[in-house]
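As structure tokens, here come the structures.
First chain A sits with chain B, and in the next complex the same chain sits with chain C.
Right, the complex of A and B next:
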């Protein structure tokens, strides 16, 4: 069982990375994950890697969910996992989703690139959110069990 | 006229010094030389003249969005859109780093793009490239070229691109802040854009006309026409106050044809009314219609249908220009081929609709009157809040939520307004927040939403809003609940059709 002391399915940090100001999906993700029973710390749009990590450390979050819609995802996400390691949260769950690169690209290529960068799961823009919530619950459960 | 005073020339020239030293390429700008250069640009490439001609001849001009990191590639892209896409007007869309004045990151993007052999930026970093490269771009094409972006502080971008031969500049102190930034105070962005408008006013005084285009669609997500109209009219007033003479106000497609036609017509009328009542007479107003700005279907065939529907509304609304989407919209930045396909599909429909028009109807008149009343109610309150000063009124209106843009990222936007579609796909107001529309108007919005709720067998709530946001990308206009909508919904339509 979880030893985090809260009854939620887990604590997640949410935000849109870099200089991306796409705010609509972010607001919807917040409402959705709240309704699903996660504790959501939403940083909104235009969030830097360090701001994500600061929030994750401060709140002892289980996962960071990074969104990127504007195409600069590759540049903005570079070194994210390394930065997490440096800051002492090497085992945090890292998800990324959205329109992650410039232009229409086969999703398998995008997924491979971001997984190599240390993201645990990579999602296309049209992903079924129910599926994401299910995977997230599962991953958080596994992480907590592995840890304790 | 309070809040519409012209910036003092000495003050403006002093501010220029700071702006031009904020990045090395600023030094390339020599205003006198730039004016001489602009005067040599052929008339066929002057944006304001193309817009005037379109109004005179009742033509709808097409314009894509397009921009990549590297100059040669960008020029190739624009030439392709000009020839293969048959675009009437060309853009240069600026990348997101430049929009936030992150020129160091933009430089990194340029270098990484060079290394990768393809653009890793979502637009053209005009500030980093500087005046000379901008001139190479504008000289390489035969059509007028506009700068399109989303920059709260576009002072340096305006200096460099206007000196670089662009003849139109998009944006405004509200429309390029509230939907495009998080932490920039409105007071600040209004000041930055006063500078941009004053710069355009300066060119104007020297005999060079630059077209200015406030960004109509805002967040592009179920924005009620009255909200974008109020923003457009205010930004129009601010621009005219600084000496801008050629102004194009915008509106983003909602999806219901009647509402879209009513919106463009009322935008034109209301803008004329407010501009003249503030004493501006010597200006040229045109309207730009944006094809659907929300989420698109991934299937390219379906995306073409959305593009087509936007074109129908653009033609029937009487706009002078349409901003065209591509079949790659769901994936982000399109290839040049996909971009040209969107343009050609749009062109075909424009030609087919040239000789047709939409008949007047009670519904069209009702929607037009509704938008007029709403805009007046909000602008009256802005005026009162500012105690007769439009600029102060605008700032206070956003502080108090009298002006509220749905789903905007800015911390300086209240974000309490919530829109949703009614049963016929009109965008209505579900929660007004503090937008002062009065009981009669709000009751009407509520009635129309309740009508939909009844048909769908669920209450009016946030789920409806979410369903509406993703509806078009999933193949519909109104976001119906997944279960149990068929027979009941169709029965309702039949009753309704019979009663008309």
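Right, the complex of A and C next:
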């Protein structure tokens, strides 16, 4: 029998949103989170909101980690949380990271915008992944205990 | 080595059989036989065909066979049956594009017909719809292995408390199989591995086998099939599953047959089988959703030219001007459609004046719906039949095929593909009563060419629903139908008969199957049906 969610630190759906085809970071994230003991469902590049959500429903994932590198993240992620709510996974953990906007907008503003859209955590490209793994484990733990 | 092999197919109207001989050189066809199916006791028609093929008596089927055992060698027998017009399956899945779609593919590949389906949580309305469709099997899927439990368990409880009497085949999240079985205690339940163990990974072979197993257990009861089974000392296969096995064998063992379709059109349904990679990884094309299997079958329960003529006509009607323009003229002159379309106004009006009106077709459809064994009794009626055949084939192929959608991205234009790409299909084989009679290469190429350019717009805006039905709402959506197929006919309707031996002798039967095909000719044949 396959390893069920409870034996891993949690189940995460990973992918690069929209028409973004930057694949290198996505591969790194997959390897990294696997090594950290998470069960990773990697959807690769050019993933639509519905594809993230479809996969999360079938696998009963704890979190969705969205990447956006090509500068259109704000548009691509618009309404993501609402869609999760509509489709019955309103309490899923949503992270987003990468080169989230074009130009020199200060990160705090970017973070603010994505958080208003319902993302739980927002990360710049130079984030320390160890730190992300720690937060993720914590958030998943809290969610499973109904405190999310 | 010299072995005689009998193959018999008990269809809904006819019981057909063939005698083959297998030697070192391969398989040869010796003779065939056909008789009306004896609905009350299927073993009678079966016996008649058996005697005609082998010269051996058939009275008291099983007794005779027993006597022979040990004394004289009796030929090996395999048989198929399309009893009850095919196996009725209800598909329950979680996400429509994932487990539900895979459940459908599994049901079709096993020779079944989807009579109802449901995604996400089953509510009482859905349960009522499913019960109303009276399925033989409920294919219950949902969740990856170790994935969704909540909805799947919910659905199990809904089914447990429903009065559903048929067999429930559970092929969902394997991690909770034990719990699902406990909930469904008291129901007839069969299990198979998850049809989608991981996101996007399709595993349908075991489910297909399980469905066929259930088919045997449910249909063999009564109507003389039991006797036939004892006599043959073998179990029947559902007819479409036999064809599926043959199609797979051709695609695996015959050189040059790596991309083709088989279409079997009957009075009630249209079956489409395809062989070939679903997605070719072309530059600028991105696959969305699941990668469909290399061998795929779909069945359209609303497209047929007798029992389902009325529902076919409902679908065709909004596109009547398109279809009549492409098809009718061809039916008259035998493939001169292209000339007509490029020709002068004068020729055009002459030709089109002979075309039937919608009302005429409508009346014909009413007539054949009332009398489903009706055979056309004039040239004109034959042409109307042909019109119905070609439109049913076009629509069934559109539904089987995937679609490309044009999209603009920061990096330029790309295409999103969903479903199966049939564009590289080199050959279409027409099988079944009607398609084995007509030479359809020319009109099908024309229809597919026009359809793939989005030229089949419907007449009125309100017909949007049926437009979507044809899976092509705007010109930037390109249906992935075959672009330039050659047409062959399974003129002697051998596919189910050869299919019965496809699992045992895939090389031999697939070779004989393609040797027996009749290629296109330039003249249109108008043979009698039946």
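Definition applied: the second predicted complex is superposed on the first by the 141 of 148 C-alpha atoms of A that agree within 3 Å, B and C clash if a C-alpha of one lies under 4 Å from a C-alpha of the other, contacts with A are read in each partner's own complex, and residues count from 1 in each chain.
Assume a residue touches a chain if its C-beta (ideal position, glycine included) is under 8 Å from a C-beta of that chain, and two chains touch if they have at least 3 such contacts.
The structure presented is a predicted model; accordingly, all values stated were derived computationally and were not measured.
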First (chain B), second (chain C), both or neither touched by A:88: second
First, second, both or neither for A:46, with chain B first and chain C second: both
Which superposed partner A:23 touches (first chain B, second chain C, both, neither): first
Partner chain(s) touched by A:111 [first = chain B, second = chain C, both, neither]: neither
Chain B versus chain C as contact partner of A:125, first or second or both or neither: first
Touched partner set for A:137, first chain B, second chain C, both or neither: neither
Contacts of A:69 with chain B and chain C, given as first, second, both or neither: first
Contacts of A:60 with chain B and chain C, given as first, second, both or neither: second
Set intersection of chain A contacts, chain C complex versus chain B complex: 18-19, 21, 46, 70-72
Chain A-touching residues of chain C, taken from the complex the two chains share: 94-95, 97-99, 120, 142-151, 174-175, 196-199, 286, 288-289, 407, 409-411, 414
In the complex with chain B, residue positions of chain A that touch it: 18-24, 26-28, 31, 44-46, 69-72, 74-75, 99, 101-105, 125-126
Contacting residues of chain B [partner chain A, same complex]: 95-97, 99-100, 102, 105, 108-109, 112, 118-122, 150, 179-183, 219, 221, 298, 328, 330-335, 338, 407-409, 462, 466, 469, 473
Chain C-facing residues of chain A, complex: 1-5, 11, 18-19, 21, 39, 41, 43, 46, 48, 50-51, 54-55, 57-60, 70-72, 88
